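First the structure, in the form of structure tokens, and then the observations on it.
The chains carry the letters A, B and C, assigned in the order they are written, with residues numbered from 1 in each.
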Amino acid sequence: MTATARNLTFAFFALLVAGAVSPMVIGSARFPQWLEVALGGLLTGVLYSLVALGLVLIFKASGVFNFAQGAMVLFAALTLVRLMEKMPLAVALAATLAIMFALAWLIERLVLRPLVNQEGIVLFMATLGVANFLDGFGQAVWGSQIYTLNVGMPKEPKIILQGTFEGGVLVDMEDLVAAGIAAALVAALMLFFQKTATGRALRAVADDHQAAQSVGIPLNRMWVIVWSVAGLVALVAGVVWGSKLGVQFSLSQVALKALPVVMLGGFTSIPGAIVGGLIIGLGEKISEVYLGPAFGGGIENWFAYVLALVFLLFRPEGLFGEKIIDRV
Amino acid sequence: MIYRETGQFKTTYASDQQLFPILQDRVFVIAFLVFAFGVMPFIASEYMFRAILVPFLILSLAALGLNILVGYCGQVSLGTGGFMAVGAYAAYNFAVRVPDLNLLVVFILAGACATLVGVLFGVPSLRIKGFYLAVATLAAQFFIDWLFARVKWFTNDSSSGSVSAPPLAMFGHPIESPAQKYLFVLAIVVVFALIARNLTRGAVGRAWMATRDMDVAAEVIGIRPLTAKLSAFAVSSFFVGVSGALWAFVYLGSWEPLAFDVNRSFQLLFMVIIGGLGSILGSFLGAAFIVILPLALNQLPTKLGIGLSTAMISHIELMVFGSLIVFFLIVEPRGLARLWAIAKEKLRLWPFPH
Amino acid sequence: MNLRDAEPQVAARKVGEPILAVENVSLAFGGVKALSEVSFEVREHEVRAIIGPNGAGKSSMLNVINGVYRPQHGRITFRGETRGHMDPRHSAERGIARTFQSLALFKGMSVLDNILAGRSLLMKSNIFLQALRVGPALREEIEHRKRVEEIIDFLEIPHARKTPVGRLPYGLQKRVDLGRALAAEPRVLLLDEPMAGMNVEEKQDMSRFILDVNDEFGTTIVLIEHDMGVVMDLSDRVVVLDYGRKIADGTPAEVRASQAVIDAYLGVKHEA
């Protein structure tokens, strides 16, 4: 990083931390409550990262901005919850995963392959089309009510740190477990990318399609694999979010929140998706709880986007993204 | 045979650069305008005006604005709904707070407000490009959504959050009947389409397209990317703002912020893609397609004798929509306008195959 | 290839004072040194060639001259103004135009529009008049159209004027690139490998165009070229770069005889 970029990023983070901590300094918030809000925000952020992860994976490997990731999350959750009515959890999970893999194959065959040399914006629009299609298809096949997803996540909140703070700090156990699942998934993915041959091939494809092809890596198969992995990530995100919110159409919209996360972290970075998610989750929660009342509430609808936008003005390629160099 | 240019020689650059250099085109367009202005008001049904023609015209105007930004200048925007909302609420406030203001002036002021907001949210485009910009424009969309829902001043402190436009009148004549509304909107849209055509054919249009195609080279020949992008945002927002005001005043009558939410933005983007990026005609074709498709899909099951719930119909709509977008992008990424151009080419050769 | 066999003798050009000078320009990308302490000057009305093996920094030099790259070190003097680095827009306003190795044409526009775009700096009418296309805006469009048509005639591409440039064969695209640069009526024209990828006939045509531009309009030309025959026949003076350094500077005959140049091309290592 150049000196200016380093300084700007540092300044941005300093501002963020100051903003996050300010309710305690200038307001009337006390540390335990602030900690509750902060923890809640961070945990929600992890869940955003889950969705963002799918986006980053696909962009890294195929250069496509997959707007349909949210629809995939919804579709996976819907499929799972409906299958669970007929079979035990483990079988339903396996079946849903198989369906997501089939979906990945179909998308590669019907959408990606015919559009292989088109510009990014055309592929982006195509994923918009896929998103619409999936939304309609999922609801047409599985129905459009709200379904409760019960995968055994803990539902009662727990009070921790009772010794240190009076009254303790309230933590949503479900969110905590979800964060744990997400962390495990990210660790597994990192292992996959770094240690296996397929992972290596995927990284090659992400770097340079043509070079990867010229050493014999089958691009089409790689894309099916990447979209399948993204499907897996979507399923995990669907389980986690669906368990928390119930499986319903608005899940698709939650995924819209993943967009500022990816912007912040940089489209091509997995650690970026995680750090971005944490920042967005934390910022959103704190601003809603402490700033919200002054503005009449509802700030979380736009805070994430505005935060990402402001950050991008300083670093147009995101936190960890690759610098865009225009060659003439 | 009929669509030949033989014998049509241009002797001045002015005649070569006119709007419709081919005689047959001129005849067709004039006939079309005569039909639209002079015949349609008498033969179309009220349903036709209310459900098809008026929304088609207003959304075409919005699509035209968006096409200038996305198609001609290459700046992806997902915040169009928000700018329509700015136009709508600005028009409302001007009409309600400054009574006796000429309706056209109200709309122009509304457009101007949308222009200011559009330029403001366009400034990031100088640093941020491509998908990043698309998501940044979502910030505009969601912020504007929130603004009109929460800040009571904009809705004149209405308790329900929804507002109604005052009755429409121009120079003392009321604009009440569907036919009158249709003519009013038609006149405005024709003027705006002409302006759009002039701009895209002129120096500013070339600056937009150069910035879209290769902004580094554009800078080297003296085009300021800053000016080009901001002017695209400004003109686009003006069009979109006026269309928002029209949508609220003429089509809806009374509305709430939801009428201009992110789904509207996506709908307009689809119009522009399916119709054809960088094409004036395309904006109209895309709007027609998107307006007519749900109506057709709604009628189809009953016509075919299949009974489907409204919920199911809307799911199928989404599926058809999504597949059509992918289909169009594969078959003709340049949209309906390109298909039209190909048809004209074939017509020129007819009856010869090539 | 000897151009003089194909074309009548080119009259001796009247070469003037230095119009462009670079002094001790150094440019690095990260750890890669593209240019090291390069200095030379270009006289008005002359044809100056920059040659050198691949990777010598020739394109980088042109990019520095018109401001696309900023050197870490050194100065550029153009028409009496000395600066640490140039700015693309400023250099365009002051009269530098260029073509690109990779064309950089506006693929979505027609030939006419591409060349008209080259006249952007000379078109002044504001957006409102353009929207109505009346008065000054209309007159300007027609007037500039006339000038652009002259350029199109000069480059012998009138049949292609309404074709989208993406559809033209490579040789014609190169002419459009040249036309776009000429449209600005520049004092100095930077040509980045204008003959790349052309056959003998196309090279003869392009050479003729370049010489005509220099003759008729007195435009100073700085060109990068790999074809030695072209360089020797067209240029008044030559600068040779190798690994970012200048290794020779003089008339074509002098440069051809220089041992350093021969070594560079043959790949003989020589101590810096």
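Here, a contact is a pair of C-beta atoms (placed from the backbone, for glycine too) under 8 Å apart; a residue touches a chain by one contact, two chains touch by 3 or more.
Keep in mind that what you see is a predicted model, and the values were worked out from it rather than measured.
S.K.: Does A-B or B-C have the larger number of C-beta pairs in contact?
M.R.: A-B
S.K.: Report back the single chain whose CA centre is most distant from the CA centre of chain C.
M.R.: A
S.K.: Counting only Cα atoms for the centres, state how far chain A is from chain C in Å.
M.R.: So the centre of chain A lies 49 Å away from the centre of chain C.
S.K.: Take the average of all CA coordinates in chain A, do the same for chain B, and state the distance between these two points in whole angstrom.
M.R.: 33
S.K.: Between chain B and chain C, what distance separates the C-alpha centroids? Give it in angstrom.
M.R.: That gives a centre separation of 42 Å.
S.K.: Where in chain A do residues touch two or more of the other chains?
M.R.: Where chain A meets two or more other chains at a single residue, that happens at 328.
S.K.: Residues of chain B that touch two or more other chains: which are they?
M.R.: Counting only residues that touch two or more other chains, chain B contributes 216-217, 220.
S.K.: Can you list the chain C residues in contact with two or more other chains?
M.R.: If we look for residues of chain C contacting two or more partner chains, we find 68, 100, 104.
S.K.: Note which residues of chain C are touching chain B in the complex, please.
M.R.: Going through chain C, the ones touching chain B are 66, 68, 88-89, 92-93, 97-98, 100, 104-109, 113, 116-118, 120-121, 123, 125, 127, 130-133, 137-138, 140-142, 145-146, 149, 180-181, 184.
S.K.: Which residues, counting only chain A, touch chain B once they are in their complex?
M.R.: 65, 110-111, 114-115, 118, 120-122, 124-126, 128-137, 139-140, 144, 256, 259-260, 262-263, 267, 295-299, 301-302, 305-306, 308-309, 312-313, 316, 318, 324, 326, 328
S.K.: Going by the contact rule at the top, pick out the chain B residues touching chain A in the complex.
M.R.: Touching chain A: residues 76, 124, 127-132, 134-136, 138-139, 142-143, 145-146, 149-151, 215-217, 220, 262, 266, 269-270, 273, 311-312, 314-326, 329-330, 333 of chain B.
S.K.: Which of the residues in chain B end up touching chain C in this complex?
M.R.: 13-14, 17, 195, 198-199, 201-204, 206-207, 209-210, 212-214, 216-224, 231, 235, 278
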